[in-house]
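Shared between the two complexes below is chain A, which pairs with chain B and chain C, respectively.
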Partner chain A sequence: MLRVEDINTFYGTVQALHEVSINVNEGELVSLIGANGAGKSTTLRTISGLRPPAKGLITFRGERIDGLRAYEIVKKGIVMCPEGRHVFPQLTVYENLLMGAFTENNKQVIKQSLERVYAMFPILQKREKQAAGTFSGGEQQMLAIARALMARPQLLMLDEPSLGLAPIIIQDIVRIILELKKEKMTILLVEQNAKLALKLSDRAYCLENGKVSLSGSAEELATNPRIKELYLGG
Partner chain B sequence: MKMNKTTTKLLQTIPVLILLAVPVVVTNNYVLNVLIMAGIWTLLASSLNIMIGLVGQLSMGHAAFYGIGAYISGLLSVRLGIPIWLGMPAAGLATTFLGYLIGKLTFRVRGSAFVLVTLGLGEVMRLVTNNWMSLTNGPLGLQGISPVKLFGVNFTYKHYYYFILLLVLLVSYIIWRIKNSRFGRAFIAMNENEPLANAVAIHSERFLVLAFMISTCIAGIAGSFYAHYVTFISPDLFLLSNTVTIVVMVIVGGKGTVLGPIVGAIIFTLLPEWLRAIDNYRMLIYGLILMFSILFMKRGIVPSFARIIKKKRGALHEYS
Partner chain C sequence: MTVFFQYLVNGIVIGGTYSLIGMGMTLIFGIMRIVNFAHGEFYMLGAYFLYTLWAILGLNPVLSMLFTFVLILFLGIGFEQLFLRPLRKESSTSSMLMTIGFLIVLQNAALLIWGGATQTVPTLVDLKTFSIGDVVFSTDRILVFLISLTIIIFTSLFIGRTKTGRSMRATFQDMEAAEVVGVNIERVYSITFGFGAALAAAGGFLLAPLFVISPTMGALATSKAFAVVTAGGLGNVRGAILGGLLLGVVESLGAGYIASGYKDAFGYLIIILVILFKPEGLMSRKRKKGVHA
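Up next is the complex of A and B:
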């Protein structure tokens, strides 16, 4: 469904990605693991058009999407939930969710998406009118995921959904990711918590210094001695 | 809930009724003139608020669009005898188009480009109008712009007052509608977090250009009104100090709110008039008020008072 081939991405003169190639098939949950600064988030930013690649090819359902602008890529069905649980703090929960469905003009469709999201996150409905800035970190993360779902993604990209959250809240996030997986949503997950990521995903790529160092099924990686040593704590 | 709605509606109508009644009570032309000028500044501050308050871009050339609107309307009147009823739409359209061009060019390259280009525009326009003697009459200014006339009635202060009040109400309503629409949410979203706004498919450039076009259109219309009200315009309209005054009105009044720029415009039009009596200390007091309002009401007068009222109602914890 998504093919990323040999992309190079730069921040100024610093090369963040070296010939990164990844593949996501329909209905799969694929994760990118690796240390801080390995290029996981940059890969997502490159796919979503926020940081276009200098070289390489990205296709989505056979159609070339590298070089498209961020808003055009969202319209193609690739929706990113950025790192750091970004919400629009001054807008209410309801308005934040509407922003997620920004490209949708059909009110009926928006209403359906809203009902679906509220069913998944009942707390959001309860606090519909509250400004998102007053939420706790975990609630903001849920809102951020919910907002991404409002766009009815065909490919959902989650960037560090567990980052900085209390274990009990992470459980909630995990429950939601599993629920989405059950619904056959295609997900590309970036996680520093390799243990968690490998537990959830079908396949995974390990990034090191901007290069893919290892890839395979989640079980393969989880039992790989190198991964065990570096990321799973022996 | 319903009770609440009707009371807020009432609270909103009362000021409008008071404003409508003003010329009935006040017959002093000087007072009406000050109020009309406050109306013009309100249009300018409200339109700049779209840029500063909603999308978060500092335009330093607002007086340029005001002046261009005034000159277009004024020249059409003096050279071709075209009345305000055609001159005003022409001024609005021209400044909208100019806003489109400048927005399209500068919002592509971010950073300071927009601030610098808008800043430069005012100065360029001042030099052009100063030196193009054959067209604009240069520093002597353009005289003899026709006053407003409707159905054979020559406008007096009272009529001008109602005319500007109508424009102010219309513009305030439009901004209120924008703020509470899909566009307004996109504006606020871009202001708060642009990469994230892009990530939810907001084409930020397009919305910035759109916001700027609305803003410059209103400024052009304000300029047209000024030209036909005062019937004399000069290159001084393009002075940077005019832009700065508008920026101050927006910031001190409360950027991002509908009411803030109105309050700011009224205060900073009335204040210099009241302070005329103590001529020498005028700018001193003006400066002190500016300093205090920035020190103690960081977000502006209107948001600060709204906060106090909300605190009294005990609803602050929900919105803080």
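Up next is the complex of A and C:
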């Protein structure tokens, strides 16, 4: 479904990605693991058009999408839930969700999406009129995921959804991800918490210093000695 | 006391147009993070477009205003796309220097087209006056105020209630998040600049019949816009509305009670006092900023 081939991405003169190649098939949950600064977020930002690659090829359902602008990529069905949540702090929950459906013009469809995410996150409906900035970190993460779902993504990219959250909240997030997985949503998950990521995913890639160092099924990676030592605490 | 109320009424009428000019500048600043130094030149063009369409070509005055608003909207959008968009990757200083370029070009274009002599624009309606108590109201000024109010309400609804307005507020609060949800932020920038310029033009065409117009009239308007925006808080639309009314009233009272020669200096006084004592703007609760409807 998504093919990323040999991409290089730069910040100014600093090269953050070196010939990164990854694949995501329809209905799969694939995760990107790796240490802080390895280039996980940059990979997602490159796919989503925020930071176009200097070299390489990205195709989605056989169509080239590298070089498209971010909003055009959202229209193709690739939606990112960014690291650090990035909800709109002074918009209400309802307005945040409407912003999630920005590329959708059919009011009926938007209404259905809204009912769906409210069913998934009842707390959001209860606090519909509250400004998102007043929410706790966990609630903001829920809202950020809900906002991404409002766009009815074909490929959902989640960047560190568990970052900085209490274990009990992480359980909620995991429940949501598993629910989406059961619905056969295609997901590309970025996590520093490799244990969690490998538990949830079908396949995984490990990034080190902007390069893919290892890839394989989640079980393969979970039992790989190097991964065990570096990311799973021995 | 009657005199006081008379000054107050006059100040509010003029202040409504300052609100428009300030709203335009604060929108552009809030969303694009640049000070539009050519703001007063769009204000000047508003006055001259009304002069041309109505006083010279004889179009209906209200229709002339509507045309002017739309024309300046598109002129602003065009300028943004042609000259500011290519500078997006540079620092915001480059964009601000570019707006100084707009100022020079527009001012000289106006000189070339309409000449350097001042012009007058007839009043919008037959001039009649009536009084409530001893406070005198004149029909032309009431009309100016009503039109200002209409545009203010229209702008607030646009920003607060429409999808485009929501995407403007979202872009202001978190540009990257706006991109992530699929907002074409280049489009938001263009619309913001065009709309901001059109609001300045509205201030210009509303004040044109009350004062004389000249190609260099923009400088003063820009400095007043600074005063309004400083008082209201940078990027705060509601603050700009109140800031405009405040400046109008302070000018009017100052001119009446202190010295009319210093009328235009009161704006600077407001800037200095606000920056000294409440730099985040009179309206804002601390740390809370945003483009509000």
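Quick note on the criterion: the second predicted complex is superposed on the first by the 234 of 234 C-alpha atoms of A that agree within 3 Å, B and C clash if a C-alpha of one lies under 4 Å from a C-alpha of the other, contacts with A are read in each partner's own complex, and residues count from 1 in each chain.
Here is the rule we use: contacts are C-beta pairs under 8 Å (C-beta built on N, C-alpha and C of every residue); 3 or more make two chains touch, one makes a residue touch a chain.
Small disclaimer: the values here were computed from a predicted structure and weren't measured.
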Fit or clash between chain C and chain B when superposed on chain A: clash
First, second, both or neither for A:171, with chain B first and chain C second: neither
Which superposed partner A:217 touches (first chain B, second chain C, both, neither): neither
First (chain B), second (chain C), both or neither touched by A:112: neither
Which of chain B and chain C A:130 touches, first, second, both or neither: first
Partner chain(s) touched by A:25 [first = chain B, second = chain C, both, neither]: neither
Those residues of chain A which chain B touches in one complex and chain C touches in the other: 48-50, 69-71, 74-75, 79-80, 82, 86, 88-91, 95, 98-100, 102-103, 147, 151
Complex contact set, residues of chain A against chain C: 48-50, 69-71, 74-75, 79-82, 86-91, 95, 98-100, 102-103, 147, 151
Chain A contact footprint on chain B (complex, rising order): 182, 185-186, 188-189, 192-193, 195-203, 318-320
Of all residues in chain A, those that touch chain B in their complex: 48-50, 69-71, 74-75, 79-80, 82, 86, 88-91, 95, 98-100, 102-103, 130-131, 134, 147, 151
Residue ranges of chain C in contact with chain A within the complex: 163, 166-167, 169-170, 173-174, 176-186, 288, 290, 292
